[in-house]
Amino acid sequence: MSSDNKDRPLAGWRLRLYETVYESETTAGKLFDICLLIAIVASLIVVAWESVPDLSETQLRVLSTIEWSLTVLFTFEYILRLIVVRRPLRYVASFYGLVDLVAIAPMYLAIFVPGMQYMIVWRSLRLLRVFRILKLGPFVQEASQLTEALVASRRKIIVFFSSLAILAFIFGTFMYVIEGPDNGFKSIPIAIYWAVVTMTTTGFGDIVPRTGLGQAIASFIMLLGYAILAVPTGIITAELASRHHKITTQTCPSCLKQGHETDAKHCKFCGTAL
Amino acid sequence: MSSDNKDRPLAGWRLRLYETVYESETTAGKLFDICLLIAIVASLIVVAWESVPDLSETQLRVLSTIEWSLTVLFTFEYILRLIVVRRPLRYVASFYGLVDLVAIAPMYLAIFVPGMQYMIVWRSLRLLRVFRILKLGPFVQEASQLTEALVASRRKIIVFFSSLAILAFIFGTFMYVIEGPDNGFKSIPIAIYWAVVTMTTTGFGDIVPRTGLGQAIASFIMLLGYAILAVPTGIITAELASRHHKITTQTCPSCLKQGHETDAKHCKFCGTAL
Amino acid sequence: MSSDNKDRPLAGWRLRLYETVYESETTAGKLFDICLLIAIVASLIVVAWESVPDLSETQLRVLSTIEWSLTVLFTFEYILRLIVVRRPLRYVASFYGLVDLVAIAPMYLAIFVPGMQYMIVWRSLRLLRVFRILKLGPFVQEASQLTEALVASRRKIIVFFSSLAILAFIFGTFMYVIEGPDNGFKSIPIAIYWAVVTMTTTGFGDIVPRTGLGQAIASFIMLLGYAILAVPTGIITAELASRHHKITTQTCPSCLKQGHETDAKHCKFCGTAL
Amino acid sequence: MSSDNKDRPLAGWRLRLYETVYESETTAGKLFDICLLIAIVASLIVVAWESVPDLSETQLRVLSTIEWSLTVLFTFEYILRLIVVRRPLRYVASFYGLVDLVAIAPMYLAIFVPGMQYMIVWRSLRLLRVFRILKLGPFVQEASQLTEALVASRRKIIVFFSSLAILAFIFGTFMYVIEGPDNGFKSIPIAIYWAVVTMTTTGFGDIVPRTGLGQAIASFIMLLGYAILAVPTGIITAELASRHHKITTQTCPSCLKQGHETDAKHCKFCGTAL
C-alpha cells in the first residue's frame, strides 16, 4: 500500500485531506471510502447495463451521462490523490495507483480509439479497495486468518494443482484418441478443456462422450474429480482447524510471546503462569 | 417469537387453548402442531399439483375444494390465535403473525383480483413452523450447534462471498469482452450469471465458451471455483470441530471451570469428580 | 443378520455347511463368499448387457443361457440356506432372506407374467453381501467408523435435509411464478426438481432461467447450494476428526474401559497408569 | 526408482554423467532436469497443437520438424541413460524406463504403421518426472504428507467407492426401468453412466429424466451424491488434521518420546528442553 509514513504530509490541510482520501481512521475518511465504494459499484452497474442489447435511445443517453460524470469524479479523485501525497510518483507506480489510472484512462482514450471503452472492465479491479474498508474493525482477524491459511498451505495447493493439470492432460488426450473429432472432441486442447469441465464436476454438456468406452472413462474421471475435491478441502480445513486452537491473543507476562491455546494455564515457551 | 410470558393468559379456557395453539409442551399442543404441519404440507402439495398442466375437470374441482377447505381451516386457526393471545396486535405484527396472514389472504383476494392466487407460494414460509416442533427433544442441541457454528463464522463467510462476487464480476466482464454476444454472452449481466454458474461448478450448458481463449479462461474459472469450495467447508468444519471438544456447559463444583468433554468424569483442571 | 447363535446347527454336516454358507471364518466359507460375489457380479453384467439394443441373435441366446444357469445356481443356494439353518422361517423373513428370494423369483415369474424380468434389478441388492466379506480383517474398523460417524450425526443430517427440502420448495415455487411455463418451468413440481438440480450444483441444463430476474435468483440459489455443501461436510468431518483422537483400542487394566487417546498415560476414568 | 546405489557408477565420467542424468543434487543435474521438463512440455504442446483441425501447410511442417527434433533428443537421452547406468536391463524394465521407451517408440513405428502416432499420448506420462524435481527442497514434506494421508485412509476410500459403485448400479437400473429407452436411457450401462454423472453432481444434461417419478428419483440421487461428497472430504480432512499436530519427528533427549508440536521448546511429557 502507498499509505506508509513517508507518504504522509506532516501537517496542515494536506494532512487532513490525506487522512480523508488515503486513510479510514477519521469519520471523514470512512465517509469518503463509503462514497467511493458506492461510486465504483454504480459505475460498474452502468458499464454492465450499457452492454444489454436493445436499450432505448433515452436509456443509453442517461447511462452515458452517468458514466461520464463518474469518470470526471474519478479523475478529480485521482488528481486529489496526486496533490495530497508527498511522493506522487511512488503512488502512480504503486498497485492501487495503476488500478486508479487504468480505471479512468479508457474512457478518454475511447474518444480517439473506437472499441477502447471495453477496457473499462479493469475498473472492476477498483472493487479491491473494498477490502481496505473491511480491514477496519473485526474483519481484520477473519480476512488475515483466511489469507494466512491459504499462504501456509500454498505448497500443498501447488502440488495438488500440478497433479490436476497432468491428469487433465492425460485424460484429455486419451478421450481425444477414443472419441475422436466426430463426437465433438475436435482437438486435444478442446479435449483437455472437456477433461477440466468433467473433473471439476461442472459438466456443461456441450461436449459429451458417445462411445461406450468413452462413457466408462468419463465415469471414472468424474468419480476421481468428485473424490479428489476432498484434498484441497482437507488442506484448508486442517490449516484453519489448527489455527482455531491458538486463537487467544494473550501475551505471556514474562517472555511476551503469543500463540497460547485458549485453556492454557502456563506459557508453553517459558512456563510462567498466564 | 410471540410466546413470551406477557402474551400468555393467566388461567381458564384461554390458557388451555393458548398452551395447545402456541406451545408444544402439552400432549394437545404437540397433537395440534403435528396436525398443523400435515395441513400445511397438504396445502403445499395441492398448490403444487394445481400447477401441473392438462389436469381433468374433476381433478381441478377436487384440488380446489381441498384448497378452500384448508384455507378456511387456516382462517379459523388465525382467528383462534387472535382470541386466545393476550396482546393480539403484537401477534399480528410479529413475524409468524404476518406469515400466517400472508398464507391465507391471497385466496380471498384472488376472488377480486385475478392472478392473486400465485401469492399462495408464501404459504410455504409456514413450513418454518416445523422447526418449532423440532425444537422439542434432542434436535434442540443439534440445530443450535449448527446455527452457532454459522453465526460464529459469519464474518469469514461475508469476506468469502464478497471475494466471490468480485471474482464473478471480473471474470464475467472478461468473458463478455472475449466471447462477445455472438457466442451467447449477450450482455455483461448474462456473462456474470455464466461466471456464477461456472464458479459454483453447476454448469447448465445454456451458455458455453466457443473460442480457444474463452475455453482456457473457463477452465481456469472452474478450477478456481472447484478449489475455493474448500474455503467455506474449511470455515464451517473448523468451527464445528472446535465445538465438538467443549460440548458440555457443566461447571466444576470445586474450581468453577467449564470446558469439560462429554465423557469426562473428573475435572481436567483440578481433578475433582464432576 | 440371521447368523446369530440360535440359527447355528450344533454339530455334523449341517454345522460344516452352515459355516460355509452363512459364515466367512473358515477357508471354505471365504471361498464360498468370493464365488457367490463373482456369480452376483456376473449375473448383474448379464442383466445390464441384455438391455443393450441391437444385440445379435447368438449374443442374446448366450446371455439368456448364462442368466438361467446363474438363476438355477442361486435357487440351489437358496434351498441350501433353508436346509442348513435351524430356523428356516426366520431366515425367509429376514432382510437377506427376502433379498435372496427377490433376486431369483422374477425369473420364474417372467415365464407367466411378461415384463416381470425387469424386476431382476433387485438382484443388485445382493451386492450388499459384499460388505459381509469386507467385514473380515482390517475393513471392519474402517466401515464401522464411517457408519458410527454417520449414525452419530444423524440428527444434524435430518435438520440439514429438512432445511434443504424447504428451501427447494420455496425457491422452486418462486421460480415457477417468475419464469412461468413458457420458459420450461411447466409446473411447480418440475420447478422444485429444477431447484434441487441447481442447489446441488448438478445443473443438467434441460431447464434454465431465461428472464433477468430468474437468472439473478438462480445465481443466488447456486451460491447458496455451493456454500451450504460445507455444512454436511463439516458435520461428517468434525465427527470423524473427533473419532481420530480416541483411536486406540487399549483397555485400562483397572476399570477395563476403552476410548483412551493415543498419547494418554493414565486412564481418564479412574486414573490408573496405562 | 532405478536410482539406488547398485545402479550408480563408482567413479569417472560415467559417475558425473549419472549424477547429471539420473540425480538432481548437483547444479548440472538440476539444469538437466529443468531442460528435460521444458522439452517434455514443449513436445506435449506440439502433439496437442497438431491435433487442431484446419492448420496451414507451413504450420504443420514446423510442428512436425519440432516433434522430430524432440524425438531425436529424447532418443539420445534414452541411449545416454543406457550407457551411464551400471545395470541397463534393470533400467529398461523399470517403470520410468518403460515410460521413456514408450514416449519415443511410437514416432518411429508410425513410419511403418499408419495411425501409430496417436500413441504419443503416452509421452504425457513422462510429466510424472516433474515430481522428481519437486522432490527437491520444501515440496518433499508437503507431497509426502498428502500421499501419507491418502495411503492411511485407503481402506476407508475403498469402502466408500464400493458403496458408490453399488449405489450407481442400483439407481441406474431403476432409472432404466422407470424412464426406458424412449427418454434416452437406452440401456442399463448407459443408465449407470447417467447415475454416475448425476451422483457426482456433474450433470452433463445429455440424458435427463422426463417422467415425474424419474425426476423425483433423480432429485433424491443428486441430494445423496451432494451429501455423501462429505464422506471422502471428512476422511482426508480428519487424516490431514491429525497429522498437523504431530508434524515433527523429533525425539525428546531425556524420555525418548516423539509427537511434539512444531513450536514446542520443551518436551510435553517430561519438561526437558528439546
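By written order: A, B, C and D. Residues from 1 in each chain.
The rule is short, and it goes like this: a contact is a pair of C-beta atoms (placed from the backbone, for glycine too) under 8 Å apart; a residue touches a chain by one contact, two chains touch by 3 or more.
Just so it is clear, the model here is predicted, and its values are computed rather than measured.
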From chain A, the most remote chain by mean C-alpha position: C
Listed pair (B-D, A-C or C-D) duplicating the A-D contact set, over half by residue number: C-D
Inter-copy rotation, chain B to chain C, in degrees (Cα atoms; steps of 5): 90
Interface residue overlap between copies chain A and chain B, same or different (over half shared): different
Centre-of-Cα separation between chain B and chain A, whole angstrom: 30
CA centroid of chain B to CA centroid of chain D, Å: 42
Numbers and ranges of chain B residues touching at least 2 other chains: 160, 189, 192, 201-205, 225, 229, 233, 235, 237, 239, 241
Touch-based graph of the chains, sorted into line, ring, star, complete or other: complete
Chain A partner contacts - residues on chain C that touch it in the complex: 201-205, 233, 237, 241
Chain C - residues contacting chain B, complex: 155-156, 158-160, 162, 166, 169-170, 173-174, 176-177, 181, 186-189, 192, 198, 201-205, 208, 212, 215-216, 218-219, 222-223, 225-227, 229-231, 233-235, 237-239, 241-242, 259, 268-269, 271
Interface residues, chain B side, partner chain C - complex: 44, 47-49, 51-53, 118, 121, 124-125, 127-128, 130, 134, 138-139, 142-143, 145-146, 149, 157, 160-161, 164, 189-190, 192-193, 196-197, 199-206, 225, 229, 232-233, 235-237, 239-241, 243-245, 263-266
